[in-house]
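One chain, chain A, links the two complexes that follow: it is found with chain B in the first and with chain C in the second.
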Partner chain A sequence: MKYLPTIGIECHVQLCTKTKLFSEVDNDARGKEPNSCVSPIDYALPGMLPRLNGEAIRFAILAGRAMNCKINLHSRFDRKHYFYPDSPKGYQITQFYQPIIGAGYVELPSGTKIRIEHAHLEGDAGKLTHFDTYSLVDFNRVDTPLIEIVSMPDIHSAKDAHDYCKELWRLMCHAGVTYGDLYNGNMRFDVNISLAPEGSKELGTRAEVKNLNSFRSVERATSYEIKRQSKLLDQGKKVVQETRGWSDAEGKTTGQRSKEEAKDYRYMPEPDLPPINLSKEFVETESAKLPLMPSDYRSAFSDAVKPDTLEILLDYPQLMQKLGEIASPSHLGHTSLRSSVPRGFQGRSAKLMVLDGMASTISLISNLFTSVLLAEEKSAEYLNDLPSAKDLIELAEMNEKKELSSTATKEVFLKLFDPQMKGRGTKNIAKELGLIQENDLGALEKIVDVVLAKPETQKAQNDFKAGEEKVIGFLVGQVMKESHGKANPGAVQKILRDRLSK
Partner chain B sequence: MDIKREDILHLAELSEFTLSDAEIDDLGEDLKGIIKYISQLDELNTDQVEPTYQVFEMDNVWREDKILPQEAEREMLLELSKEDQDHQIKVPKVL
Partner chain C sequence: MKIANKKVTAERLVKDALAKAKHFADYNIFTFLNEEGAIKKAREIDAKIAKGEKVGKLAGVPYALKDNFLSPEGETTASAHILQGFTSPVTATAVAKLEAEGAIMIGRTNLDAFAHGSSTENSYFGPTLNAFDRERVAGGSSGGSAVAVALDIVEFATGTDTGGSIRQPASFNGVYGLKPTYGCISRYGVVAMASSTDCIGFFTKTPDDMDLLMSIASGQDSKDMTTLPDYYNTELERSHLGHAQGRSPKLTVLDETSSSSISNNHKASGCRVGIIKDFDNDSVDAEIRQALKEKCELLKSKGHEIVELEMPSLKYALSAYYIIVPAEVASNLSRYDGIRYGFRSDDSAVLDDLYDHTRSEGFMPENKRRIMIGNFVLSSGFYDAYFLKAAKARTLIIKEYEKAFSKVDFILTPVAPNPAFKLGEKVNDPVAMYLEDVMSVSLNLAGVPGLTVPAGKTKTGLPLGLQLVGPRRSDKNLIEFAKELK
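Right after this comes the complex of A and B.
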């Protein structure tokens, strides 16, 4: 029987604020010792009160606007109670009744729209490491600000589940609200999957696969669940509503022994945090800070950049911002104070357009980004310190005027990232490396004449005149050698043909 | 409102309490009394009244996103736990 899968996804995004959601403690625990980023508030000592981080509110507005969501002017926090060693308070502070982010949608590269039900702010839990007879608890992650994004059940295939998660990741990275490091759990996905016979109006029983941390595992786990549930239904069995875990190594999901029936979070308003009441003006001011989004680049660059190349580059907000600067100087990007998080403060207020004559430059530079820069071992390092738009535009101009061969263009391009060379200007670097091609016809003609006068080229000249076309290559080579590689081979060939046909 | 034994056991489980049979009965009686007392509020008509989420009329109490040095050091906090290992709190195995 054929079934239609219906999939909804919840995604947790860790925000890259400097401090935690409720305490003035360092929120960036990367590479830091366990329990070194913890205050008595995070530890939930008696009498400690949460102090709300205003930046998390601003980030929530940006994240919401990145997903075309309505921002709710009135929101507040609630307590969700449960006992587990990763939560020292015995409850999580979340937004159950009145979330800050309302309905919106995410558009996939394929054009499919996935609606967002809502998204809310909440604190993360600590980290547990399990050993044979005990577990160890690290509270560094306690109350790192999270945004939980809840989709509508609009997804119907494993591929769309993958694409939705990837697009969310891009939106959050372009908005500059997260470090977006999936390996370290900056974004985690819970996928709800149910199957119903095709044409049926009712949804089937769903299973939830929790805590997936890569797009690939989302796709694989979803595929697996669709197959598993189809098989059960074909055999006339029932799908059990449960939480399942995914094993990447085994490539399968397994039911987790859980006390589902005991789930009772006893939500209540958080009495220690006053409600959030935003003015329309505040929301508008903050929304205007949203940098350009993937959809802006897709529409502006559709002619200049091949779709495949563009989709690769969209994974790197820094590169897209640079291309935006090149396309139109009004989009001069700014790097935020936080070193690894670029945020263009120019925002989306001005529509991104490719200025006349810049399309070929955008095309060349985007190809250099994908084929040269991203292939470099040090590309991650380079991404945080890109050459200026001016240097890149100059490089494209020199290439277009044939002052640089395509090989030389790549070489100079890489030198623009070299700490020893960068900042000196493209032309100076090309000159220093002796890579500028000789295009001066007068000078080239002189070199050609020198070569033609040499005894060792006489035979080739006669052969060519006798109709042996391919020896032209040998003669061009001789001229290139004589010019120390600086001659433009196309121009040389033209002069040679001209001379030899006389 | 009637409080059943299962209700008490459910609450005990959520709170990670172990209760003796006698305690279950006693707590049931206590809870009945408490709920009866609070139920007096049901006599009021609150259809047109906005729920109160907090008693202070405040909103938007936010702080700056700035790291402040912490007086309580890691070891002071870890000392409060029953047992620690490798700068982490050691707990019975959970999974």
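Right after this comes the complex of A and C.
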């Protein structure tokens, strides 16, 4: 029988706020000793009370707006209870009853819209490492702010599940609310999958695959579940409502615990935190700080950048912001970076437009980004410190004026990322490297004349005059050699033909 | 309050207090005596005084700290086995404020474990004895603190009041005990019982001492998001007084130049004092009812008006309280799991056993009772029927108080239905024990302040106390008006 899969996805996003959700301890534990970013509040000493981090509220507003969501002016926190060593308080502070982010939608590159049910703020748990006879716990991650994004069951294929997760990741990265490092669990996905006979109005029993941390594993696990459940249904068996784990190595899901033995979390309003009441003005002011989103770039760059190139570049908010700056000066100079994360740019209130004459520049730079920069071994490092828009615009101009050959353009482009060269200006770098093409016809003519006067070129000259076209290449080469590579070969050929036809 | 100066040294005050504490050792008041630390601090203050340097408003004043306040001096145990061995790296905001003014903690006082109880019998360290009758309970949960002040060991003691834990022991031992408005004093660093009703307060021998402590300890704290902006030291006009019936304020500032202490600055006259009809019945001890009547006569003679109030919603207070509070208790006690600090049972092969054994051995029976009630009322399927309903009853009670305070300035009630009872009399009857709180818990649910005022003694010599209740933020007025009851 044919079945229609119905898929809903819950996604946890770690926010890159400066401090934790409920304490004033450093929220960036990357590369730090276990248990070095822990305050008495995170450690849940007796008598410790949560202190709500205002930045997390602002990030939640940005995240919500990135997904076209309504921001709820009134929201509050609740306690979700469970015992586990990764949870020092014995409960997680979350938003069960009244979340801060209401309904919205995410549009996939294909144009499909996936509705968002809601999203809420909550604190992350610590991390356990198990050994033979004991386990160790690291509380650094405790109460790192998370937003949990809950989609409507609008997804019907493994591919769309993949694309939805990837688009969410891009939205959150462009909004600047997360480091977006999937390998380190900055975003984690729980996928709910159920199958129903095609045409049926009722949904089937769902299974939930938890804790997926790559788009590929979302796609593979979803495909696997669709196949597994189809087979069960074909055999007349029932799908058990349960949580399943995904093994990337084995390429399959396995049952963990069924909902029958599901935990009772005993939700309760968090009495240590007053409700969050936001003013309309505050939400508007904060929403206006949302940086440009993928949809803004898609519509602005549709002519200048090939769709394939654009989709690659959209994975790199820094590069897109740079292209945005190049495209229109109103977006210039508003980037501010905290470590690798772009934050607090000019909002998208000013519509992104490609100014007259900038399309070819955008086209060239975007190609350089994909074919040269991203191919570099050090590209990840380079992304954190991009050259100025001014330098890149100058590079494109020199290329256009043929002052730089295409090879020289690539070479100078890479030098713009070199910490030693930074800030010297494109022209100076090109000059220092001796890469500027000689375009001055008078100067070129002089070099040509020098070459034509050389005895070793006499035979070639005679051969060309006798109609042997291809020797022109040899002559151009000699001129290039004489000019130390700086001559514009096109111009040289023109002068040579001119001279030899006389 | 005796404050250290050139003639009376802090060291003398502290040593006297320590000597008295030892003298009364068999009352089981203290869980820890801070001998070394207190004397060291006293000497530091004396050195400052000798050099003529500025010292705080509580310079060298010995005080007792209820053992559920965190400070690095001594173990903070909350009189619970499960916290044994726990020394806090942090200091509670209230403690920090008192010590910044030079107060010196001479010891930590006994309480019902985690403040669960009304007699201090639920302590891991055993009961504290009543200051007036050693066969009777100190009241609770702040029993040790009340007795420390009643026996004149210290000038004042800190307490916490979640449902009467300051007011009832104050009444049982004949001292003043204030439960301030919810949010007046920071709860940061105080072992939580029930977050939405916990209040930090004091035991003192006089209303003026209470005022001084309140002026020091109150105020907003960025570490406790439920604290109110400081009103205690700023709302000099006390404008809500006399708002009832649109009358003009009755406490008037006589001397605006000195506002540091309210003593003699204000004079109360012509206030309206409410008494609650429903509390005048046989379930309340006859001598207490008599004391209330006498105080009403006294107030009338001073020109105040007594108004009978009907507050029918208060009958739901005890039931609502024993749903909301256990729910928060169960939640707040979740952190005591033996993983990070305090007691851990050795006898555990797997994680579930570790939780199971640690919590079974580490909590007192009353702790467990409240955890079970709390988890029950929060469990899926029961939340709406219990917790949500109790929350609605709480709203009714808040409104009932608002309505009452549109008619009267204060309400005067008994604190508890009886004077101090015998040790062991109620400890095996939880419901009888919970009924001790019948007249005190509604204040915690409504967040309004209540002050226990001594009101004579029974024929057998046990102290009697009455509870003066005011609207939210009227703490200063309560303290001032308490003088009218003398």
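One rule holds for everything that comes next: the second predicted complex is superposed on the first by the 492 of 502 C-alpha atoms of A that agree within 3 Å, B and C clash if a C-alpha of one lies under 4 Å from a C-alpha of the other, contacts with A are read in each partner's own complex, and residues count from 1 in each chain.
Keep this in mind: a residue touches a chain if its C-beta (ideal position, glycine included) is under 8 Å from a C-beta of that chain, and two chains touch if they have at least 3 such contacts.
Fair warning: this is a prediction, and the values are worked out from it, not measured in the lab.
After overlaying the two complexes on the shared chain, residue contacts for A:Asp264 are found with chain B and with chain C alike. When the two structures are aligned on the shared chain, A:Asn277 is found in touch with chain B, with no touch to chain C. Using the contact criterion defined above for the overlaid structures, shared-chain residue A:Arg51 touches chain B and also reaches chain C.
Legend: residue contacts after superposition of the two complexes on their common chain; A:Pro40 is shown touching both chain B and chain C. Which of chain B and chain C touches more residues of chain A is settled by the count: it is B. In the overlay built on the shared chain, the residue A:Tyr91 is in contact with chain C alone; chain B does not reach it.
Applying the stated contact rule after C-alpha superposition, one finds that A:Thr133 touches chain B and leaves chain C untouched. Look at A:Phe83: by the touch rule set out above, it reaches both chain B and chain C. Legend: residue contacts after superposition of the two complexes on their common chain; A:Thr253 is shown touching neither chain B nor chain C.
In the superposition on chain A, A:Thr19 makes contact with chain B only, while chain C stays out of contact range. Residue overlap on chain A between the chain B contacts of one complex and the chain C contacts of the other covers 40, 43, 45, 51-52, 81, 83, 85, 137, 264, 266, 271, 273-274. Residue ranges of chain A in contact with chain C, taken from their complex: 40, 43-52, 79, 81, 83, 85, 88-91, 137, 264-268, 271-274.
Touching chain A in their complex are the following residues of chain B: 10, 13-16, 53-54, 56, 58-68, 70, 72, 74, 77-78, 80, 85-95.
If you check the complex, the residues on chain C that touch chain A are 68-70, 76, 78, 83, 86, 88-90, 92, 187-192, 194-196, 222-226, 327-328, 330-331, 333-337, 339-341, 351, 355, 375, 378-380, 383, 387. Residue ranges on chain A touching chain B, taken from their complex, read 17-19, 24-26, 33-36, 38-40, 43, 45, 51-57, 76, 81, 83-85, 128-139, 262, 264, 266, 269, 271, 273-278.
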